[in-house]
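Can you keep this structure in mind? I'll have questions shortly.
When the chains are written out, they are named A, B, C, D, E and F in that same order, and each has its own residue count from 1.
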């Protein structure tokens, strides 16, 4: 599964479509929270990460989310974004168990606290999704 | 492709087998370089990352290397290990183009310098492998 | 605008004067919160960062706050201090729009999550100041 | 004081014993919080950090906690774990004043915000312990 | 001094013009070194950081380089890029003394080693420029 | 062993004495390398880290070096400073085996690459010292 290009789309439109497909509502909330402080940054967020990078054909969205979840957990400075991408990973085909494997593996590369904090973020994201699904 | 468990193996043996399958010669060199300073650490390196984590069945080795390459490039503090895992990624089924995609994506999560330094490390690892193949 | 040196002042006095001028009340709260755990550290905080570094004549306080806001947002591990320095930046002549530009630029050097988290911290600091001004 | 090896113990048993001796209740809570998301990770946490590393005879537990407190404060991405290890440090022989010295020193190597955030985490851990002791 | 927008330019053209104005030859070398590994990334590097961010009117190029130099020195993982931006800072109006002040200030926010390594990188960049000017 | 205070000394003199006692020649080389770029920073380096922090009585120099070695290895961005402090650790009473234990333990808190790179830095510092002793 990759995001395909529609030649008639602008980068902004392609990014908006990709963000909706990958992050769903959580991505939309990030965009809205930027309205009062930096609306141009919302445009860049659509255009570069989603319109350019995630829309490239050379790697599936599932593989891209493995990379993103691993990187955010290793950095340890982006827990809100990690939760968004745990949900995104589930949206594009990763299972909860696979995401748990990725986060456990981060103990090797970024230490046990990074893995633990990543697992706790995932636990919240899994629960939020289960809760939302019951609504 | 996952590393399967042989119930008769110790963690050390399983880790040695996994490291050889994944990292090949580069992994062996790391182990050797530890001999003069911390031989016990070589044992731990076989046992925990490779005997425990990489040998778990829940995620393919190809997916595990996506996670590792992303994490090491995002951290930016482990260029020697990143080169080893770029080679490992190729060993377990990632293409050079897929690794390039992973590293480009790190611009979004860790900044353009992290992506650039990751791409330059990959360039060296790709060249070393091509050079080795010619020998 | 730079903090000028009064030859009759100690480093502590100069630092106290500089901290009050730059960080205002927020700086004072940090100092007070140290009283119960490490009062000597409050002294060092007055003396080295404020009495020594911020009091040097070679760079304006406005330029120093650009550097500090950028560094804290890039590191991503110091959100409380980032909020204090967003307020400090406004105190020494940066506009809200200029601070927003600095934080957006951090997407390039430390990734989009670092920029987003910096922008959200600034949003809080801008609102706290507006709220305080209304009192 | 070091954790001695009992040849009849498994790594898991030795790790459980070491974790209880070092982290006390706080360690137990971390293990329990993993139950619903990654129970295997709780096993690894007992086995490698505590069964392998902290049980090695070459460095006292007091010295090991100096290293851990310093590293976690410098990284700045593991405040929950830092609080656990401040309590652990007190358990294995460090005084509150010594822990405060370690954290103040981190201003030199990781900056004043890292030291401040470490000191505030320690303040909470000291208070929690004092509160618990009164119960 | 800010990079002004020419409405007839593409983002790529605007970015190429901005990169040439800011980074000069050093920027061009980075672009060339990407040719053999990730030519699309060179396009993104022109377009987003330089065509989008550095071309925005809300902050001068001098102020933008203060932010970039501070961030790269604080992160400590991007010495090649720090040297490029020290040269860029000189190109857009910062003096060697001002750059030295910015880097010294990083001792407060990222520790003395980060400041030292930043100062040594600047020393090389200052010398390279002086040497180039003699040619 | 702690650095004692002589009330007749300035902070600079006390720092110079402490740096010489702790880091020996390696510290002196750092100071000299600053002469051409930021001589004031050499003064600050004597005064704050060594004149203020390392000269405090509440923690032995041996314990302070455990903290510094752990922090620098965990950060992974200060290999030159880590080598200096491995040598400093030996100067103030740590054994090579104890330093190796500290660095191995960093695998738990900052990942295996951080521990490996720390061990390789220590190997060089141990060898340089042994080589110097033969001269």
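Keep in mind that, in the parts below, contacts are C-beta pairs under 8 Å (C-beta built on N, C-alpha and C of every residue); 3 or more make two chains touch, one makes a residue touch a chain.
All figures in this text were calculated on a predicted structure; none of them were measured in a lab.
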Set of chains adjacent to subunit C and to subunit E: A, B, D, F
Interface composition of copies subunit D and subunit F: same or different, split at half: same
Option reproducing the contacts of A-F, where over half of them reappear, out of C-D, B-C or C-E: B-C
Between C-F and B-F, the pair joined by more C-beta contacts: B-F
Maximum centroid distance from subunit F, chain identifier (CA atoms): A
Remotest chain, subunit B as reference, centres from CA atoms: C
Copies subunit A and subunit C - rotation angle from C-alpha fit, nearest 5 degrees: 120
Whole-Å gap separating subunit D and subunit E, where each centre is the average of the chain's CA atoms: 41
Chain centre separation (subunit E, subunit F; CA means) in Å: 32
Separation of mean Cα positions, subunit E and subunit A [Å, integer]: 29
Junction residues of subunit E, two or more chains touched: 40, 44, 48-49, 56, 72, 74-75, 77-78, 81, 100, 104, 107-114
Residues of subunit F touching subunit D in the complex: 48-49, 53-54, 56, 58-59, 63-64, 66-75, 78, 81, 97-98, 100-102, 104-110
Interface residues, subunit E side, partner subunit B - complex: 30, 33-34, 36-38, 40-41, 44-45, 49, 72, 75, 77-78, 80-81
Residue ranges of subunit C touching subunit A (in the complex, touch as defined): 75-77, 100, 103-104, 107, 111-117, 119-120, 122-123, 126
Residues of subunit A defined as touching subunit F within the complex: 74, 107-114
Touching residues on subunit A, where the partner in the complex is subunit E: 40, 44, 48, 52, 56
